[in-house]
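Okay, so chain A shows up in both of these, paired with chain B first and chain C after.
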Partner chain A sequence: MLLKYKINSPLKRLIGLLSLGVILISLPFLIRSPYYLHLVIMACINIVLAMTFSLMFSAGLITLGAAAFWAIGAYASTVLVMNLGISFWLALPFAGMIAGIFAFAFGLIIVRTPGFIFVMETFVINMMVVHAFGHITQLGGWGGICGIPRPGAITIPFIYQITFATKIPYYYLILLILLMTVIVFYALHSSRIGTAWRSIKLNPGLAQTLGINLFRYRVMVFTIASAFAGLTGSFYAHYYETIEPETFIIFKSLYIQIYGILGGLNFYILGPTIGASIMTFAPEFLRITQEYEPIYTGSMLILLAIILPGGILSIPERISALSRQNKVKKVKQ
Partner chain B sequence: MTTQLFIQLLVNGLASGMIYVMAASGLILVLGVARIFNFAHGEFYMLGAYGVFAASILLNLNFTLSLVLSMVIVGGFAALCYGTTFHYIRGQLLQCAAASVGWSMLIKQVALLAFGTKERGIPSVFRGLIKIGDITLSKERLMVIPLCIIVMCGLYVFLMKTKTGKAMRAVRLDSEAASLQGIDVTRMYLVAMVMGCTLAGIAGGIIAPIFSVVPAMGHDMLTLVLLIIILGGAESELGAVVGGIVIGLFLSFGYFFFGGLTEVITFASVGAILIFRPGGLFGSVVEV
Partner chain C sequence: MAMLEIRDLNKYFGGLAAIKDLNLDVFNSEIVGLIGPNGAGKTTFFNVITGVYPPTLGSVLFMNQDITGLKTYKIAQFKIARNFQDSILFMKLSVLDNVVAGFHGNYKKAEWKSFMYIPSARKEERAAKRKALEILEFMGLASLKDELAANLPHGHQRILGICIALATNPKLLLLDEPATGMNPEETSNLIMLVKRIRDNGITIILVEHDMQAVMNLCNRIVVLNYGRKIAEGLPDEITKNEEVIEAYLGREEDYF
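Take a look at the complex of A and B:
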């Protein structure tokens, strides 16, 4: 499902992946402007978030609360680093784990009612998390937390020391996180677990008769997806050096949903990548003002839902299906 | 805590609770009959409030007329939304969620551009205070309760007694069987959508003279409505009535005792109830 198009030969595939890797690694030297590099970093964050949405959709769960676990990760990492004095490199995995634990606790309660009630519950969880962070004065209240320390310098023996002074090390870090997410999600999708998730999405009742524990698999997908959102949250907090509850409002979760749908939800890796990239770069390049952006996005979402629910990547499939229909018609005539 | 304070909190809680009941039962109607998962419900509430504002301030109509006008506007807009969008994607969770979120963004931003972020107010309709013994209550808040009860009774009579109402209930039970009995199912979907959204619009219109009207009000309402449906269950209006009143009272007393953390405590309490009854108080767990 990674690439539905015919890339049969492993050599071609290897060459493709290698060239992609070279492009990604040399990207900061190709675009020298820090502004564009910032956009690329934001796109990478959004891609990971969209992938968590997509992962949950693969098990038939639609979440409108992805930003909540992003927030939990960001705040957890901030508290760990600023109040407990732990290094960022330890706080990063811990933030993911804490978000995962929260998701596990919430998941135990809410995954028993899939469908619309689940969507509503994730929506409410997002509101709750934002309100909780906004009202707890120890966490900065609505004003948020400023001055989050940058990640500590890491020394690679015999080469040189990497300090997080410019945007370039951040880019490589998020690229690493993205790569890890892709590998983990791809492995999950190709394993028995992924098959079980897809079978739950296709027909929960049938899956249950085949011995798949719906509850366990749903909690699992919710926890894993949220843990990765939390991991990204940790990176986000230390990249922006300031966090406030307003960043994590339900609007962000809605955008995450758009990233997933725009690219195509049946393409677990490529779909979110394309969707999130378009949604990150397009408003900047088209110079859409903040005022009118929700109007464009909203209309696009409505059109997408009606005309192209499979996302951009489903276009070739749709075209081939249409041409097949035409052929059948011609034969009949 | 004095009796005075208790009664005031009770009336405030009941008044806002009744508003929630109306908005939530509207969404349950849309959900149950038309199977449209509408995340733009809060925006219809906001539109209702702005409709009353526009009619009473800009057109100088009295409150009853502006409420009727605002109902017509909201109902017409709901019909437009149904005709252009929801008719084609009815019953599909992902598409409905996406399209309604799109509508919600669109409506909210247009309202923001048209009316600005400024808080708009409407002169209150029922002015003055009521004194019972040594308890003073503001009339406008008290009047919300009978108004809402009248609307809800009207809804009950409509659903139980009229032919259209019975047809809608039949569609809610089983749309295929209903269409076999000669019920125009598509028309019922449209009626349910218009009625549900109009209920939210009326709620917004009634609340407009009491609270200030801002574009963000729809979003706050949506969260509460969803919370009420989670608490009460998505299957019947009874859940909305009980959930709405409970949440209204809880928030009213909660703000007095806990201040800003009330909402978090409310969310957590609803979560605790969900542990024991996953489908809500009056709902059941259904695999969709």
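Take a look at the complex of A and C:
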């Protein structure tokens, strides 16, 4: 399900989109504090990462390695810019491609065993990647790399020059990346490729008899998802100006999965958006210090599993199911 | 020349021979019945042809091309379709979406074009939806098109399984016990539908226990027992064949 809660009137849709657009564009000026803007930027990054998780989930693959490809993108972009002198604007797509290539290579090996083994193998990949970056001294080892240059200025002829001196241009950049990801992923989900993925997820045996090449589609989704994670990695490296292996540990991949679960795993775009946003902002608004944050997340996950396995977006459906049950009870009486 | 040529087919599971020295030809536009007691190897036969597992020995030729041991999705590309004994459906999808999913191999426009929203590709997909609806009407399920597959009664689920197989536009259709669990009225309906499918130019191999269906539909009947072919011929000949009668009467069930 992509946008299950469809607003049918095209006029309403247009007005809704425009309002949303206005809010998003003026957001940096509504939020005065750079700290909160930072949270918004991190939320956007987390939304993209969560969407890559959902993309793979739509094909029946659960990944615990999203952070690894986020890392590969971050490190690749850093090396491209700092060691090879390439402009950030070229490094950004290249980093995505490099992450995609790694995913392709890994995928050829691990996609043949879907299910639990696949999950474990992505877990191992994540650990391997973190340790690789930790042990390679040329890549900064466990201390990481700092002083990563900001994106170069964009000159719009005759009008303006955009420099990345404050957080605001970063916000618009990540917003653009997020938008592009939403458009690309929506196009994928609604195309025949998405149909094939969902067929594989629902019933791989039946999908095969319909001519669907499971291997091909699984490698495809792994590659695409990881490439977008890598893209975000490049942004992250030049935004934070520092990267260290600790950021990309397996916990991050687990959190990415939780972003998806919290929002609702059946909603491939709205779900990650809601889940990632809540989990990025909630610890702040609940004033949870960093040490206790995992307790909050863990408890929330347990509650979700017991009360609301379908995530937040399943609430309307649960309510209508309950009201139908009540109607039946009333009729019986 | 036969559409499907099975030569010296053997399938062993460990030491157990599920299919032994099977030779069979299936010709264009006929309905061949495959009968035999439970465990005779009929479903194994289907599984070997459709690539669920490769044969231990022997070969399968379809339209003169060797399809022995090919993977399932490759064999689907040869336009061989099947349904399953236990309804194998996309339970969480609607009836219509189930059938549309079957069209996967039939699109002429490239996949990336669908992703890029190129009109010709998306047009094909809308046409697929219409064709899916036609198939549902043909098989009598059109009124249930938006119903969740999981919510359908068992008999309808089986027919849906056949619809999905039809969506692949097959040349050869393997029907695995489609009439199981159907009452006489539903069975008569099924018989009519299978005839119609054949009249549309699709060759059918029918595995069935229901003798009414088998006698009514099949041009020829092949009888398996313990993985071997024990008889082959016209329906009337088979009912009189002593070995066949013994194979059935030697078991608990009485099919005749």
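Definition applied: the second predicted complex is superposed on the first by the 325 of 333 C-alpha atoms of A that agree within 3 Å, B and C clash if a C-alpha of one lies under 4 Å from a C-alpha of the other, contacts with A are read in each partner's own complex, and residues count from 1 in each chain.
In the analysis below, contacts are C-beta pairs under 8 Å (C-beta built on N, C-alpha and C of every residue); 3 or more make two chains touch, one makes a residue touch a chain.
All values derive from a computational prediction rather than experimental measurement.
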item: Side-by-side fit of chain B and chain C on chain A, or clash; value: fit
item: Partner chain(s) touched by A:Val48 [first = chain B, second = chain C, both, neither]; value: neither
item: Partner chain(s) touched by A:Gly205 [first = chain B, second = chain C, both, neither]; value: both
item: Touch count on chain A, higher of chain B and chain C; value: B
item: Chain B versus chain C as contact partner of A:Ala66, first or second or both or neither; value: neither
item: Which of chain B and chain C A:Ile177 touches, first, second, both or neither; value: neither
item: First, second, both or neither for A:Leu301, with chain B first and chain C second; value: first
item: Vertex chain A, arms to chain B and chain C (CA centres, degrees, nearest 10); value: 80
item: Touched partner set for A:Ala196, first chain B, second chain C, both or neither; value: second
item: Partner chain in contact with A:Ala187 - chain B first, chain C second, else both or neither; value: second
item: Chain B versus chain C as contact partner of A:Asn213, first or second or both or neither; value: second
item: Distance of closest approach, chain C and chain B, by C-alpha atoms in Å; value: 12
item: Chain A positions touched by chain B in one structure and by chain C in the second; value: 205
item: Chain B residues touching chain A - in the complex, by the definition given at the top; value: 31, 37, 39, 85, 88-89, 92-99, 101-106, 108-110, 113, 219, 223, 226-227, 229-230, 234, 260-261, 263-264, 267-268, 270-271, 274-275, 278-280, 283, 285-288
item: Footprint of chain B on chain A - complex, ascending; value: 57, 62, 64, 106, 109-110, 112-117, 119-121, 123-125, 127-128, 131-132, 134-135, 204-205, 250, 254, 257-258, 261, 265, 291-292, 294-295, 297-302, 304-306, 309
item: Residues of chain C that touch chain A when the two form their complex; value: 50, 71-73, 76-77, 81-82, 84, 88-93, 100-102, 104-105, 107, 111, 114-117, 121, 125, 164-165, 167-168
item: Sites on chain A touched by chain C in the complex; value: 187-188, 191-193, 195-196, 198-199, 202-203, 205-214
